[in-house]
Structures are given as C-alpha cells and as structure tokens.
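The structures come next, written out as structure tokens.
Shared between the two complexes below is subunit A, which pairs with subunit B and subunit C, respectively.
Moving on, here comes the complex of A and B:
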C-alpha cells in the first residue's frame, strides 16, 4: 500500500496557506521529497498584517492566560513526542539525540510559560525620584518580531528563537530555512494550543529572497537573527533597518532574563503625590 | 491685564573666565588639535564671539580613541569601589562649581539662568551621584549571568542641555567600567571643556574621559573609528538613522535618543489651571529645545475654547530676553540655523491654514529670538503637527473620545514622551498603557531624575538613559 505523504504549508493567521506565488522548494527526507512554501514578498506583507492584529490580540490577553496557552503547547508536544522524534530521525539525527531534543524543547516551554506572568516583576521597578512623585518603569512588548531560526534542525532551538518575544506578548513571525519541515509540523501544535490567530506565524523559504522585504518593512518592529548571516547580508539588513530605526539583534541570548531584554520597551510613568 | 514691570536682575558673568581658545582634552591633558583648525562659539543672545574650540580631524580622533583604549586598561583594573569614589568626587566638584557652570551654560547656549542654575546643574551633579552608587553594585542590578562593559564608547551629544547630556552619557558609561570619547555639540562646547578641568581636579586616570570638539564631520569620524566598541548618540532622528546605517555590519553597540513630537493630552475632567501650567512648562521649557517637549496639545473638544483662552493669557506673561536675567522665562534660540528652521516651519503652518497666536513682547536687537507661539485650527496632516520644530511652538489638535486621543497621540513615527491630564486615576492608567511612549507624564510634564529611565519607542530611538535600565545601555547582558 502506498504511504500518505503530508503536504506542508505556511501557517499564517491560524490557517495553513500556500505561498501566493505558488513557488516551492524541495526538501528530501528519507527518499521522500517535500515541496515547501517559498515565501514571497507578498506573503511577508500578508503575514505582517496578520501579526499586527495578532499582537493586539495576544498582548491583550492577561499574562495568566498567555501562561496557560504556552503550557498547553507543551502538552501538545508531549502528546506528539513520537512523531517529532521520527521526523528528527528522518533528518539524520540519532533516536537518542532526537528524544533528548524534544525533552529539552518541552523543558524550555515550561520555563517560558512560567515566566509569562513574572517578567514584568523582574524587569520593572519603582524609581526613587527626589521629589514627591510616584514613578514606575514597566514594560511593553515591542510589537511584531521577525525571527530567523537557527540552521540546526532542532525543536528546542526553534522554540528558543521564538519563545522569548512570544512570552512577553510580542507576535512572532518565525522563519525557517533548514528546519522548515520541523517548523511546519510544529505549526500544527500551535494551531491546537489556543493561540489567537496571528500571534505566531510560521513561514519557510529562502531568507535571501525576502531579506530586503523584511528589513525594510516598517511594521516589523524587530528582526532577530538566530543564525550567522554572511557579513554582507547582515550589513544589508542593518542598513535597511536604519531607515525606520528598526531594531536588529544578531544571535541574541536565548535563555534567562537576558533573552527577553531585546524585545522590551521600557515605559516610565510619573504622577505627582499630593492631597 | 496688569502691566507687571520687572526690574532687571542680571546674574554676573564674572564668575566665569572664558579662554580665547580651547584645546581638546585627551589622555588627561589639554592638547592643541592636530588639525590646527578651530571653530567659533558665540553667545546666541548677543551674537558675540565667546571663544574658539578645536575642529578636530582624523588624527585628533585617532589619538582620543587610542587614549580611551589606554585608559580602559587602567580603569578596568580598578576596583568597582574605586570607580565609584571617582564618580562621587566628580559629583561633589560639580556641585562646588555649579554657579560657574550655570552661567557658562547660559552664555554659550542661551538658556535662562534660572533653568541652568536650578535645573541643569543640580541634575548634572545628581546624575554623577546616582551612578557613582551603581559602580560597585552592578552584580545586583540585573538578574543575568554576565554583564560586561563595551570598552571604548563614543558619545555624541546635542546643544539643548549640553552639560546635562554629558552627565547622562559619561556617568553611566564610567560607572559600568567603560571609557569615553565625547564630542559636545558644535554650538555649545564650553561647559564640556570646563568639565574636563573637573576630571583633572578629581584625579581621574588619564584617558578615561576624552573630550574632543568639532562639527558633524568630527562626530562621523568617531562613529566610523575602527576601535570604537559602542556609540551613544542624542540628537535628531535624521542623524540617528545615518549613524545606525554607518554601523551596519559592524560589531559596535548603539543606543539612540532621538527626536519627538509628544502629545500632551488634556481631558475635559482635568484640573484646567494646573494643566495650563503643565502645558506651558511642557513646550516653553528651554525655548522648546527639548526632544520630549509636549509640542502637540491634544484638547478634548468640550474644553478647547476655555483652555486656549487661559493658555494665551498665561503665555502672554512669559518673559523673553537676556538669559542671564533671573526673571527670564525664555532665553535665546540656540543658533541662527535653528531660528531659521523654526521660522520656516511656522511660516509653513500659517500657509497650511493654522491659526497663529504669538505673544506681544519686545525682543532684544541682537541675538536669536522667537516669540512663544500657539497654533490652533490645525489638521493632523500639517507639518507643524507632524515634524519636530524644536522651538517654542505649540500646535493644538482636538479629540472627542479617549480612544481618539490615543489614536492621534500614537499617529506619529516618534514615541519619546507623552502627557496626560485628568483627575480620574483609572483614565490615567488606561491612557498611559496605550501610549507608545518611553516616558508618560501624568498631571505633570518635563520631570527628570537620574533614577528615572528616559528614552523612546519607534523612531525616537532605542536604549534608556537613567535608572537601573540605563545601565543596560553600557553593559552587554548574556546568560
């Protein structure tokens, strides 16, 4: 009997979609060929529109709810553990390493889920100003984050490239080149975890094709690069970004408090004290 | 209206002795520029020549950066407690010579003495005191595994708060273990050069602070120097973008504190007289040469006429004139160039259809001056409602609902500051939560403190200055 092969599509605004360009690129896994969406400029624009509204919805939830949705994601992955391991093995990873990767991935989600309702306490504070004022610095998530995932095929790496901004309320466009099949499989678990549409969009393709579109797009607030871009590419991204003072982070921290710092905007509010 | 007659009360400038010519401060010494070129610095209130300062070239910047690298060797080997003591000492020395600095600041920059004396200088000293105390507590500041200084930091500062911006830059940079090459603005270099004397008196190790003067070309040499590890810039968004572009592809840290077009939202349930005072302070403080100035007044429709009437009356009592007169509220515009820019934007506002109100006051014959100005009947699309004027010019827009106020307030590429006026606490918090601005002043405006982080969202830049958050502008955090 012939096996049924899964068709992988981008995950945008809570839906599985092909690239509007109709273009794909081929990835071979265990003698099976997968045609993956080759994201176009138009796809990026559509995704940003979704991420903008996704940001409002996701950030509008209480930290308590965001925490539970992230925890729900760990439940989904736990339930599908075997299929992830199988997929990683088909990428050439040993079964033992694959199991370890999934275990670490779940551990990462648990860590960040628990941070969702605590990071403001860790990153904000009252300021002891020298006059009769109440003065507090608290944080807002920066908005729409484009995250280019690591070239290593690893669920844990993929998660660590999107969890820091996602946890604090940013919407994330996660873009994968090498780990595209894994990312698109992961989209199924996002879909089952009650994330509001647009809060986490998953795209695949060749980054070089959309490098300029992403770095010039004024409604992407931050570009996070989790893999080395050959120097000219990074230069181009940063040059493009300067036209709208866009934030670009290259190989940012992916653990601990330092992992969320690039995605925060600190807002300080003053009010006089008096009778 | 009562015609209040004030007697002049001029602060003596005897306390200041201005040299005919200044040198750069590099490696703990005052050295003549290798460029052999100088630029004039004038008093914007009289147009008289005050002095000449170096127009530093590549060789000058090379030696300043080299000196900062050498200074880093020494500075990084000191204990945090020793670094802390140097900063405390600098703070005290500034306090002791505070009046001298204040007079020089007003002479060179044109700001009223009551502001340089009562705002700038106390804040300068307070910044050094505040960061002095952090120098030996960095390990307690953020719960990250590692916090490391960048190394040699290039700092480029503007002309609106010359010495205060220097303090905002140098105090945290030194407290976190960096050394600096600082370039003051072309039109206001003198207090930075006087600060160099303080460093000398404090016995600061040579090379830890280097001060080089010049124009935009000098700033560009600092930005493009291969041995600079981080740039901190305060100035216009336009120049900030150029700096960000110049640093593309290079492993150099960057923080930018850029322009603004702050909305000052007055709800109908605000304490109106208090709000009028706050709005006046928000835009006319320091001649409106303030990146976080409340330059867009957003009035709820129901109070528009009443508010504008009170505002015009209050504006009429503002005294424009000699910065050294202790009665002066509004001093000189910092330069001819800035005056031309303000004039041109105001003319554009009138041509667009804005209704202009300017106070009736006599302006001095020499120097650069601009009357306190209010625009009403303005559409959000007008240049005066969108562009940073950086002068004593307030633009009024109206709104009907809180949602609309927030939408108008956020409808700008800037996001530095905002003001909210209402007596209803829940409305303050609701509004503050929705404003895309790094600083929100509620029932107050233009308040600053070294412990309070300052910096912008969006095209107003990135990074914070002041407070615990300000440390992160000079430390690399990792885990």
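Moving on, here comes the complex of A and C:
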C-alpha cells in the first residue's frame, strides 16, 4: 500500500488554496516533514477581500443560525476526534493530554455557540439619563479581525483565539505559526460546518513576513495578538495601525464574557420613552 | 470620425456584406494571444500612470430603475473630482445615464470637462419599433447629451437580418449628427467570436464612432477576448476606410488589474494612438472605486478600504 500524504493548504473564501507566491516552509513532526503555505503579502490582500464579504454574510445571519453553525462545528470535531488526538501526539503531547484538549475544545465551542444569541443582552446596556429618554448602548461586531494564534499547540487554544470574535458576528482571519498543521486540519471541519465563505479564513506562515501588510491594511479592523511579539514588533504594529485607527489587542482575555469585549463597537441610541 | 456628414455613406452595403461573410476566427490562437498579453507586469510609476489613465477613460455609469436626481448629482460630483483629497487624480471622461436624467447631469457637469452620455434606443433590450428608438434618441439629444449609447437589434442580428441591423444604426446616426454615437453589441448575446466580428463590422460601417461590448445588464459582460475581436475589426475597418473608431468595454470590469490588462492589449495591438479617452473607454460603476484604492495604495503602501472614498 502506498502511504498517501496530505498536502496542507491555506483555507480562504471556502476554498483550499496554495500561497500565490508558491512558497512553503517545512515543519518536522516525528520525523515527518510537512510543507505548509508561506503566506505572502498578496495572499493577505486576497484574504481580506474575502473576509470583508464574509463579514457581511456571517453578520447578516440571525444569531440563531450562527449558533447552529457553531454547534455543527463541534459535531464535526467530535467525529474526527481520533485524528486530532493522533496529530497532537505527533506534536509531542501525551495521549491523555491530547484527549483532554479535544474535549475542552468541544466544550469551548458549545459555550460560545450558546452565547451567540445572548451576548448582546449581556454586553449591551441601558444607560441612566435624567431626561425622558432611553439611552441604550447597542453593541456591534467590529468587522474583519486578524487573529495571530498562540504558540502552544492546542486545539482549545486555537479555538479560543477565534471563537470570541466569530460568535458575535466578526469575520476572522486566523494566522498560525507553530500550530499551523493543526489549524489547517481544523479548516476541513470549518468547511463541513456551513460557515459562509470568508467568515473564517485560516492562514499559515511566518508572521514577521506580513506584519507590516497586516497592520497597515485599512480594511482589517482589529489585530488580536495571542502571543508575545518579539523585538519592536508590537510597537511597529501599533504605529502602522494608528494610520487607519485600527484596534490592536495584545494577549486578550480568552475566557468568559470578557473575551468578546475587545471585538465590540458601541453605538449609543437615544429613544423617547413616550410617556 | 467627427465632422462627417451622415450623408457620406461609409461603405456600400455590398462591401459590408462581403466583409461580414469573410469573418473567420481562430479561437484557439485568439485565446492564446489574449492570455499571453495578460501576463505583462506593470509596476510602480508606470502603474500609477496607467491607473490615472484609466480614470480619464472611465464612463461613470448608473443605469437603474432606482436612479434619482440626487443619485445622479452625487455621481457627477464624483466624476468631476473622483478623489477630493487628491487633486492629482483627474476627472473621468463622461457620466452615463438614462435619457430622463440627461438634463440633470448636464446641468451638474457645467464648468468641467466631463461629458454626458445617454443610453437610448430602448437600452438594454432594444425590443421596440424603430420609431420609438428614434424618439428615445432624439429626446436624449434634445436634453443635451454629448454622447449616445445605443444597442444593436440583436433580434434581427440573430435572425440573420443583418441589413436591418445596419439600417437601424444608419438611421440613428442620422439623428445623432455630430453627437458621438456608441453602438453596444452585447457580446454576451452574440455567443460566438464570428458573430462579434460581424456585428462590429456592421456597426462600424453604419457610422458608429465607438463600438461597445456590453450593456452591463447581462451576467456575461465584457471579456478581453471579445475586446480583441472588436479591436481587430476596428483596425481592419481603419485600413479600409482610414477612419479611426473607438472601443468601449463595459460590464464586469471591476478591478484595476483587469483594466490594466485591457490597456496592455490596446497598446500592443492598436498602438498608443488608441490610448486616449477619445478612442478607448471603460464603462464602469465599481472599477473607479478600485482604481482610486490602488492609486492610494501605491502612494502609501497600505491596502485601502472603500469607505474612505466618495460614493457615487
């Protein structure tokens, strides 16, 4: 029997694509070599175009439908549990830890799926004013979010870096360096879960290569960094981002209701009480 | 073709017919050539010049049932100053509207170089009696249109009644007199390259100043292949009559990259003479937005968002 190896590709706009540059980088796991797409400047450009339209589609769905799609994602992962565990083990994790990580990942999705139609009641607010008006803080998703995933290889960690913005209706570009094989495997389950194309794109590569392009891109509304950026990277990102008033969040909270707060944009609405 | 009297018949019908029946196209070779021209890479300064050239060639268009005076005024403002924050961006060539909105557009373009084009002859289908088409066109011209975009009679064309197609254009040209006449072939309806060539030659022989690919109302709009067939027809027509006709591509050209490929093709096949708004135009509503974004991208190095540019 011939042992057929999988070619891992970026997941953009509901399709598996190679980097337009044709470049890859190699990752070694247990003496096996994985060639992964090295995302280029132009890949970022194309991905943002997709995320921009993905945001309109994803945010246009009812919270109920978003909840169903997220729940389906957990079903897909449940079905592929064994292959995830195998992959985590080849990253050097013990089998027991790997099983726990997948179980936690599924729990995280279900928690966020449940939040999909509740977050606005919890995060929004009726503000006290001294006149005969309602003054309401109405919460909106910020838009296209670029999320740099954590350096520890864990499905739960990866999910917690993208579920908070996704749940409230943002489209997410998830970028992985260390957990790239895992992220691209996860893309297959996204593809099977009815996400509208562009709502969740998965890229891999070296962040340093595209740091300036991402932080300067006017159509990315928020950059979430789930790991420390070396040298003057963070400063560069912040300076670049300031030209388009982009929000930059370093090491945001990933648990509970506070995890969604960075991705919200508040609109204040006045309405007469009519008494 | 300006200053020509309509009584000067450009070509006798028998000559037209001869040309039309000689239309044979090698589609494999054509695709090969068009694709090879699409691989040119235009960078930096040349790209900036190309982008600005595209702006000067744009016919900013709104052709919807929902068009209002307000919408047209807004579009004209954008046509005159596509990017109010960057005065190096030139005005577009023209605005293109339905006849009922020509007078509004005409009033708003005063003191600018922007022309007003009107679609007529019952755009986009053209499925009405000739009297109505003439009336429609007269109305647009009386309202002040500088340019008229008509559609060919596809019904007659597909039924093989080429003479009728020719006669209708001749009659409409007579109404237009010195007003610039652009004839829309609607290449998506014509299906084959041979048909596009036939329709091009008929339209040119009948006195069109421009031939135009599409109405923009079909899912199949312009393609570089169709444009290539048309430009070859224009060149053949020039060699026979000495008259330089123009080409307008419209429908489905949404990004600057695609537009630049058209420019490369025109430059390579027709020469730089045709690289001016008198002889080459883009009919576009969303192309301009992308071009403005790309100009800013070249200037700043950052990819841009549409909401920083005027709507129109």
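In this text, the second predicted complex is superposed on the first by the 271 of 275 C-alpha atoms of A that agree within 3 Å, B and C clash if a C-alpha of one lies under 4 Å from a C-alpha of the other, contacts with A are read in each partner's own complex, and residues count from 1 in each chain.
Keep this in mind: contacts are C-beta pairs under 8 Å (C-beta built on N, C-alpha and C of every residue); 3 or more make two chains touch, one makes a residue touch a chain.
Just so you know, these numbers come straight off a predicted model, no measurement behind them.
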*asked:* Per the contact definition in the header, classify A:45: touching subunit B only (first), subunit C only (second), both, or neither.
replied: second
*Check the residue A:257 against both partner chains and state whether it touches subunit B (first), subunit C (second), both, or neither.*
first
*Give one of first, second, both or neither to describe whether A:268 is in contact with subunit B, with subunit C, with both, or with none.*
first
_With both complexes overlaid on chain A, does A:1 touch subunit B (first), subunit C (second), both or neither?_
neither
*Counting only touches as set out at the top, which of subunit B and subunit C does A:217 meet: first, second, both, neither?*
second
*Contacts of A:243 with subunit B and subunit C, given as first, second, both or neither*: both
_Footprint overlap on subunit A, comparing subunit B with subunit C_ = 243-244
*subunit A - residues contacting subunit C, complex*: 44-45, 48, 213, 216-219, 240, 243-244
*Can you list the subunit B residues touching subunit A in their complex?*
126, 142-145, 237, 240-242, 244-245, 247-249, 256, 258, 413, 428, 432, 435-444, 447, 449, 451-455, 457-462, 464, 467-469, 472, 477-479
*asked:* Which stretch or stretches of subunit A touch subunit B in the complex?
replied: 122, 125, 127-131, 133, 135, 137, 140, 231-232, 234-239, 241-245, 247, 253, 255-259, 261, 265-272
*So in the complex, which bits of subunit C are touching subunit A?*
300-305, 308
